[in-house]
Each structure stands twice: as C-alpha cells, then as structure tokens.
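Following are the structures in question.
Two complexes follow with chain A in common, the first pairing it with chain B and the second with chain C.
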Partner chain A sequence: MATGLAQARLAEERKSWRKSHPHGFVAKPEAQPDGSLNVMLWRCTIPGKEGTDWEGGSFPLSLQFSESYPTKPPVCAFPAGFFHPNVYQSGKVCLSIINEGDGWKPSISVKQILMGIQDLLDTPNPASPARHEAYLLFIKNKTAYKRKIVEQAKKYPSLP
Partner chain B sequence: MASAEELAVIEKAKVLMVGAGGIGCELLKTLALTGFKDIHLIDLDTIEVSNLNRQFLFRKQHVGQSKAKVAREAVLKFKPDLKIEAYHANVKNSDFNVDYFRQFNVVLNGLDNVDARRHVNRLCLAAGVPLVESGSTGYLGQVTVHVKDRTECYECQTKELPKTYPVCTITSTPSKPVHCIVWAKDLLFGKLFGDKNQSSDLVVHTTDQNTSAATEDAEFFNLKDGETFESYACRVFDGVFGHNIEVALKNEDTWRARKRPRPLHINEVCSDSKRMRIDTLTSTANGSSEHTVSAARMLGLNNHQEVWSLKENASVFLQALELFHATRKKEFGSLVFDKDDQLAVEFVTAAANLRASCFDIPMQSLFEAKGIAGNIVHAIATTNAIISGLIVLEAIKLLMDSLDDCRTTYCLEYPRRRMLLMPAELSGPKSSCYVCSQTPLCLEVNTSNTKLKDIVEKIVKGKLSVNSPIIMQGSYLIYETGEDLEEDMVARYNQNLEKCLDSFPTPIVDGSILLLEDLQQEFTCSLQIKHRETFDEEKEPDNMVLSGKFSTAARDQTSLGLVQPAVDNNPIQAIEDDDEVILVGDAAKSGIKRKSLEEDAVVSGKRQRTEAS
Partner chain C sequence: MVQEVVVDDDEDDEFEPLFSYQRVCKPPSDDDSDGDVTVLDPKSMSKKSGNKVFPSALTPTCPPGKRAHEDLTKETEDDDDWLPPPPKSARALLESKFNEDPTLREIRQAREELMRLAESRIQEDKDSQRSVLQMQEFSAGGEELAGKREKVLVTIQNKDGACKSFRQLKDEKFEKLFSKYAESIGLPPQQLVFVFDGQRVLEHSTPKDFDMEDEDIIEVNIKK
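This part shows the complex of A and B:
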C-alpha cells in the first residue's frame, strides 16, 4: 500500500500531538482487533471545561479520516445518543469548522478540532440544532438541561 | 500519417493500455490503425447495456462479458496480425507490479477514477516508464504526458474532489435541488429500504409531549400489521414531509435568517378521491418483471424531461413506495440507491421534489434528478475519439524521444481563439510533490525471517541515524518510540519488533513501502522492500542491503495543507526556499551533495482536469 497525502499529513499530526497537546486530552490512532494501529481512525477524549456543567467528564470522541483528508475534514463523532444540541442522534458533531464548504480548511489541526469541540460543549449553537430534544431543553428549560448535562458528565468520569 | 521513421518505432513499440471503456475502445482502434503491433490491455469491468452507444467495439450479445477480452477480439477481426494481450483484472492487482510495467515503452491511461490513476502513476514512476494520461467528461477532455523527473507527475497537482455536503444542510436547511436529492437517495431511501442498523440522522428526534411519536419511532418506517400499502404510503408521506417539517419549524433560531419551510400533507396535495392511483397488486401481477416496474409509467408520466406537478410527484411517491413493498420486499435491508434502478430513480425524484416544494426550491425532471443522483455527465463519443487521437500523437512523440514536443491538450466545449483544442506546455516536476519528489530507498531483505527489530537496529538507527523513529506502512503505524507513549502502545510496539516482516497483519513483502520519519528531526524517507532469499555472509553480514539516495530536507509544508498560501495566484511564494540535501550512495561510500532544485519555471494558471472517461 502506498503512502498518500492523507497518511503523510496524519503522521505529521501525530508527531505534533506527541510533542505537545492540551492537558486532559487524549488522541491516538485506534488499535484494531489484529493489533495494528490505523492512523485513519483516532480515538480521543475531550475533558469538560472546568467551571462548566461539563466539568469532571471525559468525553470519548472518534475522528474518522478519509483518503481525501486534509482536503476534506474528518467525521467527528461522540457515542450514539450523546446529549448536546449540536450533536446528531448518531453522535456526529455539527460544527462549522469541521463542515466541508463551511468553516473547514486543510490547515486546521487535530488539536484545533478537539479544542473547538470542547468549546462547543458548553456553548451550543442554537442556530444550527442537530438534535431537537436537546435544543428544546436548552432554550426552554435551562434547569432541566443543566441537570441532564451534569448527569451525562458523571457517565463519562475522568480517569484519575 | 506517420513517417517511415515513426512507423519503424511504432511497430517495435510495446504499449500498455489501462482501461477499455469509452476512451479505451477508441484508443485500441486508433492504436491498431496507426500500426502498433504489441499491446497489453487491462480492464476489470464487464460490458453493460449503457456502454453500447459509444463503446463501439461491443455489441448487445457481449453484455456481461469482459471489456478487455471482447475489445481484443473485435480489433483482431480487422487487424488479425496484432499481438494483443487482454487481462480481465484490476490494474491494482499485485501481478501488475513494477517489473511488469518495466517491459513497456509507454503506458496509456483511459481510466475513470482517481484511485486507479494514482496507482498507475506511481508504478510508472517506479518503473521509469512514460505515462500518457487522459480523461473526458461530456464535451471536455484532456490528454497529458508524465515522465519521471522531467514533467509533473499525476499527483503533483491536487485534484478537485466530488463535493460532499454538511449533514445539517441536508437534514435541516436545504437550499439547492441537489441537497434534496442527496437527502432522498442517501437518507430517506436508506431508511426505508436499506440497512436499518446503519445510523442515520434523518429523523428529527423530539421529546416534546405534543409532537412526539411520529418518525422518531424506529418502527415508523415499517409496514404495520393489517396496514394496507396505500395507508402505509400516506402515513410515511405525512410523517416525512408534514410532521418532520413541523417539528423542524419549532427550532425558531434556525429560521431567523432563512425562509421557513412549508409542511406538506397528502390530503392537502391531493384529496383522497382525486388521487391518481393504480392498483399495485393487479397491475404487477400482469407479469412485469421486477426491474422494469415503473410507477411513472403506470401513472402515464412517460416524458422524463418534463417536471412533474406537485400532485404528480405525490402520486409517484406513493405509487413507488407501494411498488417497492409489493415487488421488492426481499431486497429490503440491503438496497442501496442505483441510478440504473428505474423505480429507485422515480422514488428519489418524487421524494426530492416534494422536499424541494416544502423548502421552496425548484423541482427537477426525472432525467435531471437521475443525472444529479447518479453523478452522471453524459458521455460523448466524439470527445473520446478526439482524446484517443491525441493520446496516440503524444505516445508517438514519446517513442521518438521528443519530450520537448509533448503537450497537455485540452478539448473545449466552445472554441477559444477559434480553436477547440488548446495545447499547453508541460510543467516540470513539483519539488513539493509527495509522490514524485523523492526516490525511495531500496532495502533488500528476506521478509520471511527478518524481524522488524533487525531493520530498526541495523538500518533505521544504524545506517540512517534516525533517533526516535516512526515507521508507517500505508495507513498503519507499526513502530514508534518515545517517553510520551502510553504503556499499551509501548507493549504493542515491542510485540511488533519481534515479528517477522511477512507476519504483520498487512504483510511487509516484496514491493511494500515503509514510510520512515523521526519524531525530533525533520527527516522523512520511504523504504521500498525487495525480498531476497539469501545473502553473502561475508560481503553482506547484515543480511540486508540498503541502496539509493535519500533527502533529509523538511517536506514542503504546503503540500500537506498545513500552510495556507497567502496569495492564491502566486504559487512561487508558497514553495520558495526549498533546497534539498541529498545523500548519494549507501553508507559505505556516502558523500553529501547540496543541490538546489530547479523551481517550476512555468507558473501555470488554475487548470481544470476532468476525471471520468
């Protein structure tokens, strides 16, 4: 198998992540059942920001890259059913910087993607709701929304 | 007509043609009539009915047979003295390796996808064989020439990729007909007839007491016990175009700066008594076979270029949905949209138009919708014939060793300066090209008894002085070192060190390429593996031999998309300062030579390439 632009860029991203990355974040290629490590699929964890309802949680996120990366963005997804106004039922994140034809640029790094998604957790974008039920709760019943978020954060506790 | 001198070269030439489709048929004919005698032909496809209008070497009775083999037979009928070897195979098959490519004087591409073109490009580079590349889309086409170290390679320029659309646009805020068509074929069609387990974000979920219970229910798209096809179809209609739109309307913020959509209910579109309806069961019982079933035809809508009215779209939608249930039930769960599936095209056209109507987007005819849904650009035989002629002209120039006369030629839709064919000078290789800018090192090794550890110690650290190596094979990371690695990663890599090369999940064998980088140093090189059984204990004590030259220059970051060029029309600026240090020979006789690569002299403007053939 030849190494293409996508793999070369991901090797670069991996190097830069290993050299320095924000505290509390994890991002690494996924181990396959046969023990191999595929750079096209990364398993990440995003810590909830301190001082927000998301604090204390470490949220698993997968980044699926394609051969067209970095021309095209990776597909970023939380586990299915993840509760957030801008996260689809399937777990896919709806955020401008990772939408092709919207805010995505090939120069955006994995680090910037993950930090962008961390920001999104506590500052949902009501103009582009992906999940109606979370959206409605967010705009109509802040207390219930907060309760739900805190509950969810407990479901994904940070590793000591 | 070729000169006597040219003819002599042509008759001796051995050429490889990849692809026996639109361009391929024309090309094989032109090669044969020009006087080429020795041709290899590879194509993995079989002949389809839709090929017959332009792939003139094929006839109706050949449908289902190998394109390469039938093309060969057809040409041998009028040129029986030709030597044509036809392979019904994928060019990516490992039988067609570098050694196979080396036997040809020139390779001619008539392919329809970027992936295979890249593969052939890389093999031609590795084998040092010139490549004539081509493509056509409708009236447009181009032919160009790639010669290692002399011209750009196929991958020096990034290709425009087919566009994808953000999920939010498709599911919530469509603004163009294509958004509705993508929604209908990828989301709705999949939900109704495809794999139910595949996650889809089509359904608007809600917990709002007043609006819940419709399409959020996983069972919503299933036919209920005792439900007639008709009432089922109406229920789906109201759910998808009525209820879901109403739910979406509740997201006030979404519509602040956008036009609000209008929900559609079946009884408002056409009341029960006026509905166009044919009894599905009786009309299909009349012997029409599964794939010729057509809802539009049953409803008398036979002009595919005409845009249906809202009522007609609603009727086609209902009728097609009923027909799927009545005649195609056994395919449910595995159906994917196929542009040659008439009923599927009708369903998608109607569904897309109904959605378009909700969002006040223009509706499309079946013909247009089919084109958009199937990414069809209607092929034109004349373009392919012109392109094939140009391919042969470039091939002859290459065989005559006149690379300076070679051109990239664009075939235009409208004349420019009274010319339909626009020749352009070839560009030199791009120093930043990831594919052709560096020659891989070659490592001869016995892949069945050498461990990764041996390579890391003797070659990577020993000969190449890589400090903290990162080794990748294609998409797989096979080795890293460093303090920062987690324990589980370290354990995995330690296991890898003990594995023999050919026992990796993706075996490292003859022809495999390893990418080698250093975490700290700006070092990168690729290592081409060549399998060898035995080594001379005295002269080759390492039991492996490294050869070739390698560069230690930082890779041009723009080629990885890391840096956005500040000024778009000034590519020089983005690739300046690109000196390269080249170490020649293996470690024994190494000397360092500094070489400044010539910058691309010609700054070509934005060029279009067409990918299909």
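This part shows the complex of A and C:
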C-alpha cells in the first residue's frame, strides 16, 4: 500500500540520517505538542557554506512529504519571504532535483535534497527565477545582492 | 490416380495399422472430389484388411472397436475355462485375509497413533522443561541488565567529518566523555560546542535526555 510505503521509506531515511549526515545539517520529523512525531513533516537546517556570503547562517527548511512519496518529491520550503532568486515568495524552493517530472527520482535521499539546496544557495540558477526582485538584484547589482544575503545569514545564525 | 494410391498403400503396409493419414489429411486433389476419396479409401482398406492380421484396428467406424472388446472378454472367459479353478481353500483363505485386513489395519493405526501421542507428549515435556530453563536464564539476564544499566554508543563528528566513537551509560552525564574528547584533540573543553539534532548538548545532560540510540552522531564545533 502506498500509505505504508512513504512512512517506511521515511523511517529508513531518518535511521540512516541519525547514523551519518553532513556536519551542520539537521533533519528530523516535527515533534508534535503531544510528544509524538509527525513523520510527514521534517524540520531541517541547512548551514551556509563556508567561504560564501551564506557562511555563519543556518537556514530553516521544511520538507512536507505526501503519501505519494517517494514517487513524488517533498515540498521543500524556507520561511516565507526568504531572499533567493530561486525561492518563491512563499518560501518554496525551485530546484530541478526536487521537481517532479524534471530531475526527481525516488532514489534521491533526504541528504541529497538538503545538500542540493545548500549548493543552490550560493549558486542561483538565473535561467529559472522564482522571485523577481531577488533575480533582478542578482543580475543587475551584485553588491546590493551580496549585502542582502549577508544580512539574511545574520538573521539565521548558526548555533555556536 | 486410384492405382497410384493403392501402390502407395502397399508400400506403407507396415505403418498403416496404426493410423491412416490418407483418410484424415489428404488434400482435395484436382480430379477427385471429397466424396470420391471418402468412398474410395474405406473400400480399399477393408479389402486389404480382410487379408491382414489386424482387422479391428483398420476398420474406421466405432462398432468394430466394441467387437474387439467383446473378443477380449471372450478370450478371458476362455482362459478361465481353460485354467483349472483355483482351490477353494486358498480362495477362502484370501477372503478371510481380506476380511481381517480392515480390523488389523485399524489396530495398527490405533497403535501408531498412540505411539505418536506418547512421543509428542515426551517432546512437549522436554520443550516445556527447556522453555522453563530459558525463562529462568532470561529473567536472570534481565535482572543483570537492569542492575548493570544500559549503555549507548555515540559518535562525535567534527567539522571535517572525522568521527570518534564512545560508549557510555545512557543515564551518565556527558561531562567525562566531553573532557575525554577535548583531551584527545588537544583543546580545552570550554572551547567545544556539542550539538545533537540541532540542539545544544550541555555537559550535565545525558544520552537519555535526547533519546539517543547506538551510532547516533553528536556534532562538535570549535568556538572562535
């Protein structure tokens, strides 16, 4: 049944994540008020890469899985208003590997999604802009764009 | 045409008794109509079969088959007549054997069943004894475990991905482990920040506080 499949896969993803994941990343099912876990909604953190304007920031990202996962990819979203040329105003990330019918494959792991999005942070894809103002700034005024990014990284500081 | 067919038949004589392909799959030839062929073939065959050894096999219709059967039964009857009748005493003996057989079998079956039952009982007894022993061992082990307290294997991973694993009690504070780790990398513990699943892990907390399992990763950052 499709119902069990998504949950089973997510349990497997979480298990392997606990044993091994890239430094600075967080990915865990959301804890509900009653203490139980909502396995379909993951709360993640993506660290900005060192040596980029994103360094020092830890950016919160939610992965909303559906019952059709892993046939369909999760909806990956930063907080609404997140500043990036490939992130919609709603916070939804536009990236080929998490786009059904584009680059998504059921074999892509949560780890690969998160690392793909980390890559996207510092290397926006101007070919498919999702947020016009961020795109324009990125194209026309690199210094202003950079200032915006550094500001945003400070807004989401890493733990230590 | 007709002559040719007959000649062929003569050549095939040896195989003919088994089955006559002529009758079944002879293609309608240009000269002969189907009716001709059907009329012709049985004739020729019956002509021949009259002289041959296997009359019944060659005749195409069903009744002759029946006749053959009758012949057989006749033969067996003849055989009976020819043979002297079996001695009556032997027949009685056979009958009595047949009569006894069911009861004997019943008795034998009953005995086997009983044996099986007995065996299974013995096996059950053994099993139960074993399980009791196991239970005792298990409970003893459980008591030991409870007395010993559970341990957990945690891995500390630094920024470069290098890992070091430590085993410690689930309800023991991280203090010792952290100072051990700090010592191993040659840095003061105060300069290290430990993080589990995005949460800061402080010295006075324990693996239990974070529901840690074996092989869980604690990340370590160095304060600048």
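By our rule, the second predicted complex is superposed on the first by the 157 of 160 C-alpha atoms of A that agree within 3 Å, B and C clash if a C-alpha of one lies under 4 Å from a C-alpha of the other, contacts with A are read in each partner's own complex, and residues count from 1 in each chain.
Following the convention adopted for this analysis, a residue touches a chain if its C-beta (ideal position, glycine included) is under 8 Å from a C-beta of that chain, and two chains touch if they have at least 3 such contacts.
Keep in mind it's a predicted model, so treat the numbers as computed, not measured.
Contacts of A:18 after superposition on the shared chain: both chain B and chain C are touched.
When the shared chain is aligned, no partner comes close enough to touch A:112: not chain B, not chain C. In the superposition on chain A, contact of A:45 is made with chain C only, not with chain B. Once the two complexes are overlaid on the shared chain, A:36 sits against chain B while remaining clear of chain C. Which of chain B and chain C touches more residues of chain A is settled by the count: it is B. Legend: residue contacts after superposition of the two complexes on their common chain; A:71 is shown touching chain B, with no touch to chain C. By the document's definition of touching, both partners, chain B and chain C, reach A:28.
Contact with chain B, but none with chain C, is seen for A:92 once the two complexes are overlaid on the shared chain. In the superposition on chain A, contact of A:141 is made with neither chain B nor chain C. In the three-chain superposition model, chain A touches both chain B and chain C at residues 18-19, 28. The touching residues of chain A, when paired with chain C in their complex, are 18-24, 26, 28, 45, 158-160.
Those residues of chain B lying in contact with chain A across their complex are 115, 118-119, 122, 155, 158, 161, 163-168, 171-173, 199-201, 203-208, 247-248, 250-251, 253-254, 256-257, 434, 470, 472-478, 480, 482, 484-486, 488-489, 492, 495-496, 504-506, 512-513, 515, 517, 519, 524, 526, 555, 559-564. Chain C meets chain A in the complex at residues 157-161, 193, 195, 197-198, 200, 213, 215-217, 219, 221, 223. Chain A makes touch with chain B in their complex at residues 1-5, 7-9, 11-12, 14-15, 18-19, 28-29, 31-32, 34-40, 67-68, 70-72, 80, 88-92, 94, 99-102, 105-107, 109, 126-133, 135-137, 139.
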